[in-house]
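First chain written, first letter: the chains are A, B, C and D, and each begins at residue 1.
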Amino acid sequence: MITVLVFAHLKEKFGQPRLVLEEQELTVSQLRRVLAEQYDLQDNSVMIAVNEEFAEEDEVIRAGDTVALIPPVSGG
Amino acid sequence: MITVLVFAHLKEKFGQPRLVLEEQELTVSQLRRVLAEQYDLQDNSVMIAVNEEFAEEDEVIRAGDTVALIPPVSGG
Amino acid sequence: MSSHERYSRQTRFAPIGEQGQEALRQKHALIVGAGALGCGNAELLVRAGVGRLTIIDRDYVDWSNLQRQQLYTEQDAERGLPKAVAAKQRLSQINSEVQIEAIVGELSAKEILAYCEQGIDVMIDATDNFETRLLLNDASQQYSIPWVFGSCTGSYGMSMAIIPGKTPCFRCLLPHLPAYSLTCDNVGVIGPAVAMTVSYQAAEALKLLTGREEAVRPSLAIFDVWANDHMFLRMGKKKQAACLSCGEARTYPALNEETGSKAAVLCGRDTVQLRLPYSLDFEQLAEHMKRTGQPLQRNPYLAMTELEGHRVVLFQDGRVLIHGTKDIQEARTLYQRYFG
Amino acid sequence: MSSHERYSRQTRFAPIGEQGQEALRQKHALIVGAGALGCGNAELLVRAGVGRLTIIDRDYVDWSNLQRQQLYTEQDAERGLPKAVAAKQRLSQINSEVQIEAIVGELSAKEILAYCEQGIDVMIDATDNFETRLLLNDASQQYSIPWVFGSCTGSYGMSMAIIPGKTPCFRCLLPHLPAYSLTCDNVGVIGPAVAMTVSYQAAEALKLLTGREEAVRPSLAIFDVWANDHMFLRMGKKKQAACLSCGEARTYPALNEETGSKAAVLCGRDTVQLRLPYSLDFEQLAEHMKRTGQPLQRNPYLAMTELEGHRVVLFQDGRVLIHGTKDIQEARTLYQRYFG
């Protein structure tokens, strides 16, 4: 089980502040594909952190990890 | 092993941002006694949280828990 | 552009919307203190469009305030304006749609109860001492009015909304007041720590004032902007059944104590405050000072002089600040020597 | 009270002290943008006593800014003052010891390089778009000047100090710019989110400017003051060896692109900006408008008129804002029709 915390407008998009994925192991880019296919999240600019650390695209996420989806915003 | 995070001026008092106690199990009031005797912390007003939740004086702290010592300040 | 557009960026924020904005316009907030936290909270609520704001403070603008008290300018410090007066001036220029009341004086039990009777929707703690917080806390419980605690010193601060019947109260949270408390007087304070405390306080106040109590954070935020610490502490079972402020046999002790001692050492200042049992007539005072040959500087709100190296500030309500000492006896003696 | 006392609460903060205060007095900060983040950061640094501050902004004060832009008053909005001008006015009243330069205009690659040549110690991001951030980022890398990223929208924001040679750069952090970005135009923004972003930015700027780089937070802060989220995200291996801004074969692409398009839809505003290839003579313009019978409102910095329901604002440097549209072609057509 992988917990995915979501921030800002993604909360409304997903209708909840966190997702729970049943996957045992997947890479960050595989996660992006799952989010695109199952949750209609096409945005490549969303930053992804695993256990409060920024993750590379080939990094492996494992059951028990906590993922955060961080959409950049430009306002100032 | 119990990790004790310390805030504000307690960092300077203890010379470090965290203490590590070897105790396996003790109550919050026992922890206050340990801090008074071994670390010269006499201040009864310091708030104590265990695993990011406020703790009662009789609550039991166990190895692996993270304690936070939060000194109240009055400035404004 | 119309005043309707004025709040457009706030009404577009979905959790507030037009409805929350209208609710906010109907609300009355009380801010206790016009120091660093008072300035920041007042500015945020006035810009946001609260209907009515009452701000009370006992002090005047001093040069050492300018480093972090965002409503004040050099001119305010030069003129020695009472903070409440200077704050109202700036706040009115920022938003003339808000009804602003500024009170120069100390908050006593009698006064806070009178405000609560009038109808206050949220109280914001911008005080510099625990005694006044206990007063706010008891009044909050007696009248079921939420208040937002906040304090900061150095780079460290904390904040929490206290909602009667829902969260633990301040006395539950802090059953033992510190014997010695950190203030900006002894360890200083930096602007970003103030800004963060204000951000936390004003966010919760805005939730309460726009009718979104369900969004209020149920935890104490603590942070250190220099050491890069940050934590939300959940309340657990902290609410005390035996609490004298919110428990079953509550007595509201802070409201029943004699309101303030006659003399006190002020937090954050090397200063003693004396309370005379009568109000001061500045004309008479000026006459008296002319006879003794002391120069007296005046504005409509207060009079200042210099006695034996101590700056002395006299308010019309009978309060006298003696700067440059923390010794109440020394302050009394000095006052007696010149004013009898 | 002397100006020495002015910073007493900051020098008593041990990590700054007298030494840090003196260092700060020697430093020059550049703030890019005088919107919500620009106002807040500028006020904090000016109150803190930075030696010199340059602030640049292309916009003027509008009623919808007052809800969150702390340097401006109703009078500034009425007069339609350029933000940089209004900001300087207020900042000078706050602290006359700081040397403040206000520039009305857009930041181009040429300009930012010129500032860096002059000597800037820290750059603060108060822009409203990613393009300008990439410009700051490249200039920062080329001249080894740290900058402090910050952005916010709704109740959500983020901030991080970017230190060349030490942290990943902005391009490493955000290799893919969003196709569609949240701004205060589409989802609004609330004051407490601004205050928190400013607090994080100013804290890091203060560390850098007082010579305490070792205290800089090595993580991206993200937070949501309404949803009560808060996280510090560590950088991991995020620094990219192949990065075009900070990698081995860097080319500083943002500095080499043509500086800004001739026309652009402005973030946060239903507005198109046109750039004329010449500066505007307001006397001639007034003559021209008199002939066409259009009313023209002027102040020393800009001229405003109303054309077919669109407010049109003309700056001396040749920029023209057409409000009430996001259609660049429509804006061009309108301009052509009246000014040829």
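The criterion applied here is as follows: contacts are C-beta pairs under 8 Å (C-beta built on N, C-alpha and C of every residue); 3 or more make two chains touch, one makes a residue touch a chain.
The UniProt protein names, listed by chain, are A, B = Molybdopterin synthase sulfur carrier subunit; C, D = ThiF family adenylyltransferase.
Keep in mind that what you see is a predicted model, and the values were worked out from it rather than measured.
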Chains in simultaneous contact with chain A and chain C: D
Whole-Å separation of chain centres (CA-atom averages), chain A against chain D: 30
For chain A paired with chain B, centre-to-centre distance based on mean C-alpha positions, whole Å: 35
Centroid spacing, where centroids are CA-atom means, of chain B and chain D in whole angstrom: 43
Residues of chain D engaged with two or more neighbouring chains: 14, 154, 184, 187, 189, 227, 232, 268
Which chain pairs touch, all of them: A-D, B-C, C-D
Complex contacts: residues of chain D adjacent to chain C: 1-3, 5-16, 40, 43-44, 47-49, 62-64, 66-68, 70, 73-75, 77, 93-96, 154-155, 184-193, 195-196, 198-200, 202-203, 206-207, 215, 217, 219, 225-228, 230, 232, 268
Residues of chain C touching chain B in the complex: 33, 35-38, 125-130, 133, 150-154, 156-158, 173-174, 176-179, 181-184, 187, 189, 220, 222, 224, 227, 229, 231-238, 267-268
Residues on chain B engaged by chain C in the complex (per definition of touch): 5, 7-9, 11, 17, 43-45, 47, 49, 52-56, 68, 70-76
